[in-house]
Structure formats: structure tokens, C-alpha cells
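Each of the next two complexes has subunit A plus one more chain, namely subunit B in the first and subunit C in the second.
Coming up: the complex of A and B.
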């Protein structure tokens, strides 16, 4: 790689246009990416970042515009052409064959002949070389599905490098990683840049942009709105550019006015599907008009606790009371009639049916209510009118209640769930990971709605692995570790103290 | 009970397993590529009909085989057009092929030959006949191994040996060639294949063509090796038994062969037990034995095989995201 500062940019996009039907995903995009730099592209979900990168990788075809690689205009009709031009991509959802070995995944598409023998041994030695050059260790014979997510992602990077990529596109690479894995990824990216590779990092997380990029471009609603040197910008400026207005990164809220106990959990024991005790004798109360946050590292029993309270999983022993009435073992439908609202941890698995229309999801779980139909028949017009009302009130985009839910962005999907649960006016709202995979504009919105619920005298139980979220929303924090509540703290408690408790070290 | 003639049961096990092996291997290719192939039965029937007609017209079993394969490949391409190009429902397309096969072959057979949907009986020269290995008749009388050689190893037609060759050949193609690697990949994660710059569509078409060829062999075997002509609905559910064997074998070539041999053995055993009496029970209705393979299929599929790790992208047409 040349270190000549006057060298042509690694990538130049000029006037890129792309429409999907009525959706203008990319509007006249211009972008210049310098060689040997880490260039971040930030924007909310649905801003058109992934579309732009898919065009660069030959997955989609631009309607208009020009792509230049190292100064030379080229056409990229398919992924093969992108690979040939030295562009590699690490997709958000890994493009790996899960029951193949690392080696098989790396050579797929570049097998080096009709028979596998020779290509496999060549790849083996090439992998060793890449491992030494970039610190990308991975066992070439390991089966992908047995590897942790962080290593799977490493295989994706190796795939690209094995194909001779000089430009590496990473699409939301940290969405699936733990913080430690993400830090390790950033180190690897730093090494790659120092060796002359060019990296395009697509993300909606401001922290990552500030931590690792040299330059950052901001996209909003299909347009490239700004490009800044990372050192010369701030989180606040980027957030404003992304959303198009000033964003409060912290939630404003007054003091809580706790009232009567709404939810009471007594000595609850819950086992998971394998029969392992995940919740081991947990007791707590949630009062009307307060938010109780449950902090903890994922997998310490929070999910099972939520499932037991919301009637999805039967507890082994212990008691759950809502407004003093024992409800242990009630199913989810019956609990809803008693005033329970539930925003589940995983909107795809539990909160929504992605193939349904927005209007159908917007009444799901409450569809038996007389407002939505009579007897066995649903009143579809009533459902749609109701959905339109929620769409307006919660600013769900695109505002089309007949669209399949799968076509909404993550933030808007989450808003559909939030709208459904809150608008049913529950007296107890149980919330799991409310902003996982949600862009900052929507995060702010959802946080405000949760606080509004509290201020309206509802009891809110919040489970989140995002410590910031727990601290900014909760009035009381319970820390869970290994199935136990190891302590109760006020939200002013320092991050470090809570972190130690979450690790089971201090109480 | 009369003497359990193991040798003759094994001999007929081989004969009954061959169409299953060809058909299950055919399913192996399409299903590993992520295209469900419930129309195996229909392809078998079509190719049996095609093979019988051409063998009757030309007097050549080889031309019959060629016709069987061509017909079966054409039907595979129809399935491919529906399931791959037009992203239709793969099950519906397969079921349609089965109905079409059952009806069309009978109608054409009746229209052309007027023998109730049959094709005219074939002369011996127009069929694949038994190949007798050297010394088979000499060794027949020399104890178990001699009889095993003479009746189980020797004395089958060329397609039988071809079927057993097709097993290691399929394994080799799937696990040792570029085509096989890509084929297995496309059945698990077509996105990985697409982003590697390989055409998902063309790859899946090639897999269905492989299946067509193998199914052609199996139909041909039914019509002009095992029998002397086409008989209405002569595949008699073998395509579905082969599909069961494929699942039972978890989509792997060698276990596929073993599963087919097991199903063949049950069939042979049922035939053998016809009219025989069991000590203490007396004569058991023949239907019980005939039902045995199907009962076993249900039992095995329901409980015995544990988690069948089907190709992950099976049955799902490939659409680029968004």
C-alpha cells in the first residue's frame, strides 16, 4: 500500500441513487474514503447506510451514480466484482455456513479448482499467515456453530482478507458482541488500518464512532448530511446530525411518588428448560408510580424472572401477587385482563409476528377485547383505525398500518410493541430490554413514554443489561447475580459499585 | 415356521432396495441444496413410463435408460422453475408433480397401448437382465459364503451395481468437490453463497438436475429391470419411503444406503412371510407384514432418530434481503 498522501482515495461514491419502490433509500450520495483510514458511517436505522454499502458490495444495483476504487471508475454488478476490486464485507447477519468448518467457509467461492484438496491446504497456510499478520487467531477446523459470536465474526473478517480485500466494510459489527468482544474487534481494526487496509464502519452507536474512527459521515433519511474529522466533533453534534434535531441523551424526570404495592414477588424459584434453577428465591415489590430496575449481566436469571411474572413460564415455587391477588401460574392472557402489560425482551421471538401487518400486531394479545371484534370475528376496520391512532401518537414510520411488520426498522418495530402495551393502559408494565437494537431517536422516545407511565401512577418493572438505561430510568435498582437479588441500590450509585455487584463480587 | 431362508431374503432385499437408493440419493442432492423434493415419487413414475415406452419402441434398454433420465430431468426442471425461479412453494410443486405423474402416465399408457395404462410387455433383450458373476453357479453349493456370492453378490442387473456405485460417488461429489461444497452451503445459508459471488439459482438448478438423473435411474430400474414394462402407479409409494430413508439417514450418503437397505429388507421379509405360519400364532394375515415397512417408518421418524438436522435453508426460496 502506498502511504503517499496524494494517492487517490480508496473509495469514492459519486451521486449514488437508489429507490425501493416508493422508498428513496439513497439520495445523491457522495462519499470519499481515504486509504488506510477507518471511516465511520453513522445514522439511525433505516437511514440508508446498509443499502449504500450493499451497493458498494454489488448486492444491489444503484439506479444512478458512479463508484471509483483507487481513483478508477468501476462497475460492480455483483459481489464477485466487488471481491475482485478488493472490497470485502462483514455483514450484520453473518454469511457463514454454520455446520461448515472455518476453513470451508473461508474457501467457499474461491476453492481454487474443481476438487477441494489443493485449495484446502493452500487456505490452511494462508490462514496461518493472516493469523500472524493481524492477530486473527481461530482454529481452522472448528465448526462455526460451536464458536462464540466474536470468533464467528473473526471468520468473516478472515474470509474477506483471504479474498484479498483492501477495503473492509463492517455493517453494525458490534450489535451481537459483548463489550469485551467489541473492544477486541476494535483492536483488530486498528491493526488492519495500521497495515494499510481501509475500513468502513457502519453503526448507529456513537460510542464506537468516537472510539475508533478517523473520519465520520452522517446519514439521515437517505441523505449524506455531514462528514467530520472524528477528533473535531462531539457526541452531541453527531446525535443532532443523525436525528435532525437536538437529542437528550439523558432522561429528564422528577422524583417518584410511590403508592400502593402493585406487584409482589415472594421467594420465587424458576427453572429453565434444561431444569437448571435460574431464579433462586427472589422477593421484591413494585409500587404504583415507581420504576424498579433489575440490573445484571445477561443470563443471571432476569429472563426467567420476567417469563414467570408475565405467565410464560411456570415457577417451581414461590408466589406472585398483583394488587394483592395471588396470580402464580396464571397464563399470559389472564394476566393481561388483570392489568399486566408486557414489553418482552425479544420483540422478534415474543413481541411481534413479523409476517403480520402492522395493524394485526398492534392488537395482538388484546385481540379478544370487544373493541376489536365480536365473537370469533375480528373487526378489521376497528383494528386498523386503532393502529392508525397508535402510529400517529408514537410516530411509527412509515405510517402505514397495512405494511408487513418485517418491513419496519428495529426502532419502529419496538415502538409498535410499546404502543400496544402502553395504550392498553396497564397498571403494571413489565419491560425487558426496551431499547435493544433501537436507534437513539427511538430510545429517547421510549424512555420518555416509560417515565410518563410512572408519572401516571403505574408500576414499572424494567429489566435491562444496559446499565446506563437502568440508572437513568429507575427509582430503585435491584441487582441480580446467579439467580439471586444481591442488593438494592439507589440510581445515584456509581457504575463501578453496580458493576462489581453484577459480577457477584460485592453486595 | 419354515426355514428362514436368509440368503433369498437378502437377495430380494438388494433388489427391493435399489429404487430406494437411487431415489433417496436424488433427494439428497436437492434437499442438501435447500430445495424440498416431495415429487420424487412422481419423477420416478414418469421416468419408469418413459423408459418402458422407449425400450419397447427401440428394443434397447440403454435407450430406455436415457429416456427415463431425460424425462426425469425435465420434470426436475419444472420443479426447479416453480421452486427456484418463481420461488413457489416447494411442497405444493412436488405434490403437483406426483398427481400429474400418476394421472398422465396412466392416461398416456391407455391412449397409446389400450392395456389399462400398462405398456406392452418387453422382450428380454429390451430389459436390463441379471449379470452372472464368474463361478457363481459353481459356488452355489459350497456353503453359506458360496450361496451368498451366487445369490446376493452376483445375479443382479447393471443398474443394481450402478446404485451401489452411486453411493460413494455421491459422497465424493458432496464432500470432495467444489460443486459439493457449494451445494451443501446453499442448502444451509444461501446468503453465504450469494455474497461469495456464486449464483444461488444456477447452483440449485444443477442440484435438481443431479436429482433428475438419479431418479431417472430409479424409474428405469422399476420398469425395465425389475419388471418387464410399465404398470400404472408402479412406484407404489417408494418415493416417499425413500424420502423417509433420507430423513432417517440425516441427509448423509452412506447412512442413506443403509436406511434404504433396511427398508428393502423389511419389504423382502414381508414378501417372504406371505402365507407362512408363525409358531404359536398361526397364519398371520399378509397385510400385517406388508404394513411393517410403513409402521417402522412412522416409528423411526417419530422417535428413533432424535433431532434430524435438516438443511437449514430447506424449503425456503432465496430472496435477497429487503
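Coming up: the complex of A and C.
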């Protein structure tokens, strides 16, 4: 670690407070980040990490508290002020113009005048310098949308450095990266630190914290609960600090009792919207009474596989059978009548209509059923009664079926989806990222429900990028890499082995 | 934190905010009137007098409002599915052909109440037909419906001129219009309705179509909020990915929505063609299709809001006529400017006052 203990800390947060209505997102946060260090901030989804960083980057204003940069108190009313103070941010979702070149993206907003010529040539030489200093190689004339995700992220880092960032905030930077790309990113971060930059790494992955940070701070429910030297802590201690109690890495469940094959996938090939083959000849079965988990780094074809099985995306070739009946190319409505339930990967984009009332979402996909109105009519009272039943059974809060869905928390929104899909009693339940952005209480609840479905003799197909979730829920694990199923393992298989398979290194 | 997500009570969102927008539009219009040397107060008085001062004025106001209700509903139904139908103008024009053909075929043989359902169906069918090709191009080929419906406005206009000049024209006459319909092809005036409130309809062409338009408001409300199809339309408009997830067929829903939208636009023709002039004339739509966009925007795509917005635009049309008659300095173009300001503030800048209102509301809440 190259930090100089006598120098003022790069960032100091003192007594930061932030409330959103009734939600206390940040409670009296104190944080000191030493210059020239990599400081990890870890916490569950909803612990307040992103809010805190948004305050530091000027997206939100703290209700109270002070921010000091290099020892001097400053006000950060907007992101421009943050940039002026030498703070740069690499967002989880990249802020790049896809059809611009790397160079154009880097100078966007700092063109330096009405005419581009001078700014462009200055930026070109500046990029060369940054490349030499930090090993950040990118072709300045490449078009963003043609670059792989890892390089796009590098452009984001270049953008921040070009604007003179001394402190870099990275928000969940590895969520979209392959393990190899993530390793490369960590190497770059190491170089940046050695050159005196300060890095704030936001993540909920313990492995990353242990691999790269010097210091780690843990957030839980809006509070900063601990700060540790990474070298002096363990994964177990951090996990316990994050959750606030001993973590049950395993869900209590008995042995599976597999029955007949419910879902059969044969030589399935699926292309994405750009025409790239994302699923390349995948075959597997899911039996009644078992949970089959599909592990893999995001973007290796799991999403397209799910969409093909659930009737949202037409497969290019191959066959899908439910209870032995060919259903390839059926639309989602038809598949539901055949006993398919689908908890989608992204509830905002797919599983819910956020501006609808809760009761309207609790029938989405099943709205044509006679129970919700005869013939053409939609019986709102029937929908609301039905919604009230689900709200009570799944403890959805607030218990108000007339409330706009957008006003529910992430965990409760997910419960709305889970309740809808499970209560329609499917014989095959297809689940994608069931606990993404969901608080710990809801995670356990959802996990228990999924196991209860299995025990009731339903077939469950689970896709998740969280290896822990896959291992604790599944009876069999299929690993996907680059559109192929590269192997089947038992859930007892070590994380190491599965991780290597996910990286395409071992089969 | 941004103020966009702070919930406000309905009376503020649907009452106070449109009112403030409207007030702003009128204040700026008043400034313009003052600038050209007329008294804004006199102008407002004349405008309101002309639009609402007597039975005839009210009759004209509601006649115009009827047009805007139909086209406003047309735009609103498409909007609920996330489709921006700019083609109500052309669909209404073609609807006129359907209505006129029914009247021409039947007026000699049957009374108006027999002709009416055929005219309603004819106008709706022709309007829907004119929306069919853009709908199909959007649903199947992804051609943007804004572009195609605009182009179909021009194609429709050319087609109608051709038909009126070469086919439907009365032999030996110069005017490009059909013959005048007999009584069996005319919709009766609603003088009794005005009389109910103690007014006289005079020469105002206020007619049966108004009641049809109100009925369609109810029908659209029922469709959008009380049927499964309406639910699917709203889902598609609010979140197309969720619609695919729910198995709502994109092509079919887009086609049906646009047919309904085009049909509603087509029915607008009943008002001028069967209700007012009793013949089919060139350019009888006169921009009502485009006003429908503003009406739908201002009425928040809700039938009740559309009726109110349509009446407001009816007042501006009729009152504007009266105003330009009495104040020669205020020309017809000035009226268009005022209407434009109303659209700008009440439609396009509908949320302009929201942040300020939210701040005041929060302060009141804390106190």
C-alpha cells in the first residue's frame, strides 16, 4: 500500500444523513478513504451504498453531514462539481454514446470550444499519455457498440481520468464482466493505485473485496457498521457484518425426489436481437420435484435460453417439450395454459408494469382467465380480491392493492411477481435471478417458496449469476459458458471448480 | 432528490396544474393582445361572449367540441398502446366518404334514424381502413407509425379530392362536393337540448353527433379500463417487454388498437357531413385531426379530460371567430396563436409548475 499516513485523506465523509420519505437510506455515515488506496464498500442490495456514492458524486444532496476532499470541506451540488473536485465515477450501466467513437465519447462535454478540431487532437495525445501511464489500451477510433463490454468499461475509466479524476468510484464494476475481464480490470485498478489514484469500489461480492482492496467498509441498512483492513479480515466475518447475523449459506431442504421429465430442451439454438448466436445447441431435462440450476457469468446465453423456454424469443432451431408435448415457438400466453410459470430476470423491464396498480400486476399474463372477468370484460373487483389474497399470503407491504407498483420496494415488487407465478400453480416454474435487488428477509422467503414448489412435485429451472444461490437451491447444476452447457455438477461441487467452468477454463 | 416522484393529490394534478397552465397561456395571450393595441379584458369578454353568451354561440362551441371529442378519443386510444396516431386528420377525411356513401344510398328511402347506424358504421369502417395499412406496417415491418400516418394524411387528401372532383361531383356543377342529402341522410339538430337551458340554437349546426360522441367517450372508457383488451392495450403502451412476457400478441394488439383509433377518427365526419352541411365537401375536416392531438394531450388521454379539453378548444374556435369579427385587429391568425399557446402550456409544458407546486405542498405538509 502506497498511502502516506501524514497526508490528508482523499475523501472524508462526516455524519452523512439521507432520507427518502420514510426510508432512512444513510444514517450518520462516517468514512475516511486514504489517498492512494483501494477502498471497498460492501453491503447488500439496498444497504445504502449507491445512495452514499450518489451523494459523493452530486446526484443527491445529503440532508446533513460534511464532505471533505483532501482535507478541505466542499459542497457537491451536482456531478460537475464532483468532477471539478477530482472525483470520477464509472457507473454500473455505462454512460456511453454507442455509435460514437472512443475519442468522441471521451471528449463529450469537454470538447473545449465550438469547433472540434483542437479538442480532438488534444484528447488524442492525452489518451496516448493515459495509455502509457496506466496500460489502458483502447483504439481511440473504435466505435463503442463494436467493443466488448470490458473495453467499454475501460472507456468509462478513461473518461473519468481525462477529466482529471484523482478519486475513481466504481459501482459494481464486475457485474457485466467475464472472470478474465474482471481480473484484467483489477490489474488496471492496481496500476492506478500505484500511480497515486484513490479508488472506491462498490460491490456486494466478497471475493472481489478480498482480491483487490486495501481497506473495506461494510454497510448494512443505511449504516456504516465496520471498517477493516482487508488483510486482517475474512470472508466469513464480512458476510456476517453485511447481514447482521450468522449467514445461512444453505437453505434447509431435504433430498429431492425427482419424478417424470417435465421440461425437455433438445439442441436449442437461440439468437439475440443482433443475430448473434447466444445459445448454441443446448440440451437438458428438468424433472418434477427437482431444482435444476444454471450457473454462469451474465451474458453467456442464460437470458436468451430463459426467453426461448418461456415463449418470449423464438429459437432458431431445436426443440422444447413440456410434459412430452412439443411447444417450440409457442407464445407466453399459450405456455401458461400448459402449466408454465415464469419469474423473469428483470422485474422492472419484464415482470411488472410499474405504473399499474398492484392489483393489475397481480394478474399480468393470467388476465384472460375467466376468473378475472367473463368474456371481454375485466372484473376489477375479482382482480383486487385475488390481489388481496396474495398480499396476505406473501406478506407484501404495504398491504394495499390499489397502490402504484412503482411505490413498492424492490423486495415487495419481487414478491408480487413470485406470488403471481406460484399461486397460479404451474407444473414447471422457470426462475431468473429471483433475488436480485431484494433484501435479505425477502430472499429467504423466496428461497423457501421455491423449495416448497419443488417439494410439491413441481419442476423448477433456476438461472442465477449468484453462485451461492445456485448452490444452495439446486439439486443439479448445469454450467453455461459461451452459449454451451459445459458440464453438469452436483451442488456439493466446490466454488472453485464451478468458477473455473464458468470461466470456460475447465469442464 | 428530484421532485418527479413525489405523489400529489389528484385535485392538484388534474385540477390545479392544468388551471395554472391555462392561466399562463391566457396571460401571455393577453400580453400579445395588449401589444397590438387592444384591451385584453375586452378581448376575453368578447371571446367568452361569442362562445358562451347565447344559445347560438353555445351551439357552435359544442359543434366544434364534437369534432375534437372524436379526434381526441382517436389519438388517446392509440396513445394508450404507446402509438402516436398523427393520422386522425386523414382517417376522419376518409370517414366522411363512408358516412356520405351511406347517406347517398339511403336518404331517399328511409328516415334519418335508419340511416344513422349505417353512417356510423360506414364512417368508422372507412376511418379504420385508412389506419389499417400504417398499423400493419408498424406491426409487421416496424415502419414508424408517426411517419406513415402523416403520409397517409396526404394520400387521403389527394384521394378525396380526386373522388370529389371526378366521381362524386354533381354533373354540371363546379363545386367539388356531393349532392345535398335529403332529410333521411341528415342528423337532426339538438335545438331541444339548448332550449332545455333556455337558449335558442339559431343557425348553429349543433347536432345528434354530439350525443354519439359522448356515447363513444363512455365506450372508450369501458374499453380501456374495464375490458381485457383495454388491459392489454395499456400494458403494451406502458411496458412492451412486459406485454411480450405476458403473452400479449404485439401484431394483433397494434392492429386492433389502430383500427379502433381510425374508426373513432372516421366517426368525426358524421358531425360536419351529416350533421352540418348535409353533403361531402373537400377539406371538411379542417385540422380537427391535429387539434385532437392537443385535446388528447391536455385531457391526459382520459375521456372525461378529453370532453373538457374539447369544449375548451370549442370555446377558442367559436369565441375566436366572434373576436376576430368584432376586433378586426385580431385576425384569424391571432386566434391560432392563442390556441397554440394553450397547446404549448397545457399540453407540452404540463409539468412546468410541478416542481414549484411540490415544494409548496411539502412545506405545507411539514407545517
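Rule of thumb we're sticking to: the second predicted complex is superposed on the first by the 301 of 507 C-alpha atoms of A that agree within 3 Å, B and C clash if a C-alpha of one lies under 4 Å from a C-alpha of the other, contacts with A are read in each partner's own complex, and residues count from 1 in each chain.
Throughout what follows, a residue touches a chain if its C-beta (ideal position, glycine included) is under 8 Å from a C-beta of that chain, and two chains touch if they have at least 3 such contacts.
Everything numeric here is computed off the predicted structure, so don't read it as measured data.
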Contacts of A:351 with subunit B and subunit C, given as first, second, both or neither: second
Partner chain(s) touched by A:99 [first = subunit B, second = subunit C, both, neither]: first
Partner chain(s) touched by A:380 [first = subunit B, second = subunit C, both, neither]: second
Touched partner set for A:335, first subunit B, second subunit C, both or neither: second
First (subunit B), second (subunit C), both or neither touched by A:83: first
First (subunit B), second (subunit C), both or neither touched by A:20: both
Doubly contacted subunit A residues - partners subunit C and subunit B: 20, 60
Residue ranges of subunit A touching subunit B (in the complex, touch as defined): 20, 51, 57-60, 78-83, 89, 91, 93, 95-100, 104-105, 107-111, 113-117, 119
Subunit B to subunit A touching residues, read off their complex: 176-182, 184-185, 188-189, 191-198, 309, 312, 320, 322
Complex interface listing, subunit C residues touching subunit A: 1, 7, 226-232, 234-235, 238-239, 241-242, 244-249
Residue ranges of subunit A in contact with subunit C within the complex: 20, 60-61, 310-312, 331-336, 342, 344, 349-356, 360, 364-365, 367-368, 372-373, 376-378, 380, 407
